[in-house]
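In the two complexes that follow, subunit A is the common piece, with subunit B as its partner first and subunit C second.
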Partner chain A sequence: MSTSTAEVTAEAARTGSARSSAGLRRLLPDGPWPWIFIVPTLFGVAVFYLWPIVKTFYLSFTTVGVFGGSTFTGLANYAQLFTDPQIPRSILNTAIYTVIVLLGIPIAIGLASLIERPGMRFRTLYRTLYFIPYVTMPAAVGIVWRLIFNGDFGPINWLLSLVGIKGPYWLATPGFALVAVAIVGLWMSLGFNLIIISAGLREIPQELYEAAQVDGASRFRQFRSITVPLLTPSIFFVMIMTVVNGFQLFDLLYVMLGKANLAMPQTQSIVYIFYNEAFIQNNQGYACAIGILILAIIAVLTAVQFRLQRRWVNYV
Partner chain B sequence: MSENLTTVAVVTGDSTRQREVTRGRGRTQSNWGAHTVLLIGGIVMVSPLIYQVVMSLSTSQQVESAPPTFWPGVFQWHNYTDVFAQMPFGQELWITVAITGVRLVGQLLLCSIAGYAFARMRFSAKGIILGIILSIIMVPAQIYLIPQYQIIQGLGWLNTVIGIAAPGVFSAFGTFLMRQFFMGLPQELEDAARIDGASSFRIFWNIMLPLASNGLWALGIITVLWSWNDLMWPLIVTSSAGTAPLSVGLANLQGVHTNNYPVLMAASLMAMLPILILFVVLQKRVVAGIGRSGLK
Partner chain C sequence: MDRRSFLSLAALGGVSLGLGATLAGCSSSQGGTGSQSGAYKAPSKDLKATISYAIWDVNQQPAMEKIIAGFNKIYPNIKVNIQLTPSTGGAYWTKMTTLAQGKNLPDVFWMNGPHIQLFALNNQLLPLDDLVTAGAVKKTNYPKALVDLYTAGGKFWGVPKDFDTIGLYYNKDLLAKAGVPEPTSSWTWDDIKTNGKKVSDHFNKSVFGFAGDLTGGQTSWYNTMLQAGGYIISPDHKKSGYDLPGSIKGLQFWADLIEAGISPSMQQLTTTLANDWFTSGKLAMVMDGDWETAPYHQAFGDNLGVVELSKGPKSNQCVIHGLGNVISATTKQPDAARAFVAYLGTKDAALVQAEAGVVIPAFNGSQTVWAKSIPGLELQLFLDEAKVASPYPISKNTSAWNQFETDILPAAFAGQTPVATAAKQLADKMNAALAKE
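Right after this comes the complex of A and B.
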């Protein structure tokens, strides 16, 4: 970094002396400042992001030793990806989690359209109530939810017992464990979806509703024919965000289930396997291949969503 | 300026006040149903936190009784002081505050100058450099975590505040966010200052940066939220209890002391409280900031 700073200073001296030249001034109106401004970020991004990205691709073709040395093993890690039975299961788990969290979007649309109703009071109160879960620390609130889902004395099973259902041991039972984690994921993301969709709702011109009223359209009809179509860009955006974040499932799983949980093998997400292989099992080469797989999955899902948006998203 | 900030205003609800007046007539009476639904839903949303507060003031026997006792009778305030005996809470709080502070200062400074350069300055290869930085935003963290860990390990920064904070000081997303913000500010002010002979740095520092305060708030809030709550990265680069931030301390605590639920509830509440207070105090700005992150 020191060399680039020196270069910049040298350039500063040059442009300083040439300031009288109008031609150069037009070419370099800002002198050395652009470079001084971007060099720190460029340096940090290159060292901590760009170079690591390149290196991950390289490491995915190697076996990394415990002390850092790596030997080239070609496509062995990728071959392992296709034979590792925990990979398809984890992708399925991550997909199920994401689908359950996506159910929060229709809920957010319903709640946001209530909050943004004409003449509605206490909007700030409602926004605050729904948004609070979004700012909570997953590691901290996961502990609370662990107690809430406790099979013996958790309030969820107590509520179920009131209607005569014997609740399961949520976090120790494969299947139920994933649903429990997904419920918390939905709870945490609802506020974010609500804020984005509320903003989208406020951009819909009020005149459209007035015109529809004159034509005698019912409230439900107005919602279906005005609100939903004009809200599609916001809905599309929260969908993209939910899918991208859903495939990053780790914190809640780690905190709510815990490493030693016997239900973990049937519940773990793809990122959890990445973490486990990279930093617990010390298979960093294989973990890099998993990282590339995660990149590929997210890229494909995002591309598909962008392709499909033409069919249902209305941009005015 | 106001024109360029409409996106922010729309998200904050600043512009709604006017509309509420026009919308307000006529249909107010029929909103009782909406209030009922929203209030019940809102109580459901915060009920886990209310439950947490109540349990943090109960005894272990009360928490573990079935059917649950939802009121402790005598408040067990000592659960909060017991936290300090169960985990190095003060030390971990300090580490969380330190990494959050380092990243906050770093990002506010670096992202605003770089964002401004990309938005308003002319230099060679700008488009290509910006394109490269943008591509990083799209990439999931698993693509750079392992080499990042190796770098921190190589520098001997494992288990240090600087090691936890370092990669997060730089942000492709933050740079892009600030660029978008500066792009929205009016060009005329800048031109006028330039005609008056102000240097590029003075234009940035004295004119553009103060105008970008909303953008800085948004970036700052997003950075604080993410940094305070971050789990995976500190989990990777720390290996002993006294060197990890609160998120890691809490995640690892529960395996050891699973049965002392009241103390766990107290600890996790204390860990979240600073952010919850920050959110309540800055409610409008947080909502605007998160909304902005959405409107990229």
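Right after this comes the complex of A and C.
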């Protein structure tokens, strides 16, 4: 980029051409073709991602009618947001869920190291098996796990009963319900994390291990001093994605807990409240304010992670 | 581009992609108002038009196609396209609301109780009073409670299509094993409790005596509230009835059943629904809607029995709900749409539905065919109940307070909060929501 800018400037100075022409050339250092190729994508991003965010931001300051039409009500929605007793609890629930799902990253690292071991057979098969839950519809996954966690007839409590433990009503007991949903979330995210980390593992140059062997480093020492540090960029990426996805917990919760669940107040996520306000209560202006809150939380968490990465992420 | 900036960009991309998906739901556009009306006159037989008809039940699609074929014998040039959207998870209503925002509602579509006032009073529907004035639709052909359900703001908005009432289903086999007599129409709440307890005790609670679906009121607490002399919402749809003494008694009934072990616990009823307990042979008696007759009969055959609801302190009344056919306010083919809705309200159309046996048609006198649709099972009780049933409770924004019900009542049924306290809290929240309508 910097070189081409220099060229443009130099050329503009040489020819002494008009300012506007120089501006155009600065915008199009390589001619119009790059822009022609990316405009369709830019258009899509603008229409389907940026515009909804702008519109949401605007609507969060209004009261929206069920069938459209909005009246400006200033900060009323935000005032409600800060006094709504459900909000702090739901943020806490979502955070607990996200932390549990983050525990899936060490598991994914362990599994990826096993699968990527030299001479491993059926590697593709294992990768596929772990990846399937990630590409399965969360609603379908939720229905199956709802059966597995069933308090009276589910296989988990049946297994527990074999060793004399009376299992809880997993999905209808406060505390247990959130853990149960998070276990499923972790299980679903495992495949994606595994693939990214596997790719990271394969990028580590073999020579480093050979050199370490020559120096007499043990297997564990190699893992600690070569594998983990060189894997940190992938781990960082996976962490960002897990936190972003974790804070959008909705479909699993919705399907697994169902209606009129006693455990819902101690389990509901912030997106769940967003859904209720937008589509059940028909309170779309307030829902937009919640949407902006979710945006802010995720933005802050991501910014903090980018800030902290300098301390622990090693780029080659 | 180096590895570092690639991963950073990819991560940021993930952030914005995810957020886009969350926030997109918020976006909305201007809604439509405006309605076409004018004295109705049946259009000429050679009217040429294409209209859409949105429905949500795939099991009823064959009957709907048959009705359209009948309609086309009169109007051969009006083409009716069925649009099926399954109602699972509220998809149908999310779609209709979105279509309404874009002024793209189907010309004719199925409506239900909880949504009629929302759509009608927000100017999304075409009033049908002209059809009534012109004699193309006669209100007396349908149960009064249904006509009331589809009347709002002094206008008539939907032609009743079908209805549901609630019955007491029982498993003859389980009752016989426990040595308990089969329920009759003269049973009271006390009979339910005494005999239900015998079943639960006999099977040591591996099979329960009696239950209802407590994740929603229609087949359970709405009915018992009425039976104890309470109501859910005042007839003018402005005031909650949850804090009335009769209503509280009707709610207490379910808390008592759970406490006595006659019914599975609230936790058990949310993770395995009441109808699943019954079909899997773990529940002897269940209160449920007529729509379960076919699945229950499939599960138990001649071992299935059904009878009127048991009598509470005041009555054995139940709620009646039914679908209606409505016309979009923004239809470009009002004449064809009105001719079609008028036909959907005829006895011919009702008889096609009756023969299909999936739902009870709303047209009076056409239901006897339905009542005999399952040999060996007397279903007349559902029709008798309809004559005295109370309309399904609704207001302009029904789903708002429906959610308060499922937020607040489970703890009361489970015995965690006193029923009277929960009922008062619910009434207050519901009244606040109604005031905002």
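Note that the second predicted complex is superposed on the first by the 260 of 316 C-alpha atoms of A that agree within 3 Å, B and C clash if a C-alpha of one lies under 4 Å from a C-alpha of the other, contacts with A are read in each partner's own complex, and residues count from 1 in each chain.
Heads up, the rule we're going with is that a residue touches a chain if its C-beta (ideal position, glycine included) is under 8 Å from a C-beta of that chain, and two chains touch if they have at least 3 such contacts.
Since the model is a prediction, treat every value here as computed from it, not as a measurement.
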Subunit A as common anchor, with subunit B and subunit C clashing or fitting: clash
Touched partner set for A:F82, first subunit B, second subunit C, both or neither: neither
A:I280 touches, of subunit B and subunit C: first, second, both or neither? second
Subunit B versus subunit C as contact partner of A:F122, first or second or both or neither: first
Touching partner for A:P40 - first (subunit B), second (subunit C), both, neither: first
Subunit B versus subunit C as contact partner of A:F220, first or second or both or neither: neither
Subunit A residues touched by each partner, larger count belonging to subunit B or subunit C: B
Subunit B versus subunit C as contact partner of A:L59, first or second or both or neither: both
Partner chain(s) touched by A:Y169 [first = subunit B, second = subunit C, both, neither]: second
Touching partner for A:I240 - first (subunit B), second (subunit C), both, neither: second
Partner chain(s) touched by A:G69 [first = subunit B, second = subunit C, both, neither]: second
Segment of subunit B that clashes with subunit C, given the candidates 25-33, 43-51, 79-87 or 241-249: 241-249
On subunit A, positions contacted by subunit B and by subunit C: 48-49, 51-53, 55-56, 59, 68, 139, 146, 152-153, 237, 241, 244, 248, 254, 258-260, 271, 274-275, 278-279, 284, 287-288, 291, 294-295, 298-299, 302
Of subunit A, residues touching subunit C in the complex: 48-49, 51-53, 55-56, 59, 64-70, 139, 146, 149-153, 169, 171-173, 233-234, 236-237, 240-241, 244-245, 248, 254, 257-262, 264-265, 271, 274-276, 278-284, 287-288, 291, 294-295, 298-299, 302, 306, 315-316
Complex contact set, residues of subunit C against subunit A: 2-4, 7-8, 10-12, 14-32, 89-90, 94, 97, 100-101, 118, 122, 124, 214-216, 266-268, 270-272, 397, 399-400, 402-403, 406-407, 409-411, 414, 416
Complex contact set, residues of subunit B against subunit A: 10-11, 13, 15-16, 19-20, 22-28, 31, 34-35, 37-39, 41-43, 45-46, 48-49, 51-52, 55, 63-68, 110-111, 113-114, 116-118, 121-123, 126, 129, 132-133, 136, 138-151, 153, 166-167, 169-170, 172, 175, 194, 199-201, 204, 225, 228-229, 231-232, 235-236, 246-248, 250-251, 254-255, 261, 264-265, 267-269, 271-272, 275-276, 279-280, 283-284, 286-287, 290-291, 294-295
Residue numbers on subunit A that touch subunit B, as the complex places them: 28-31, 33-38, 40-42, 44-45, 47-53, 55-56, 59, 68, 111, 114-115, 117-148, 152-155, 158, 161, 187, 190-192, 195-196, 199, 202-203, 206, 237-238, 241, 244, 247-248, 250-251, 254-255, 258-260, 271, 274-275, 278-279, 284, 287-288, 290-292, 294-295, 298-299, 302
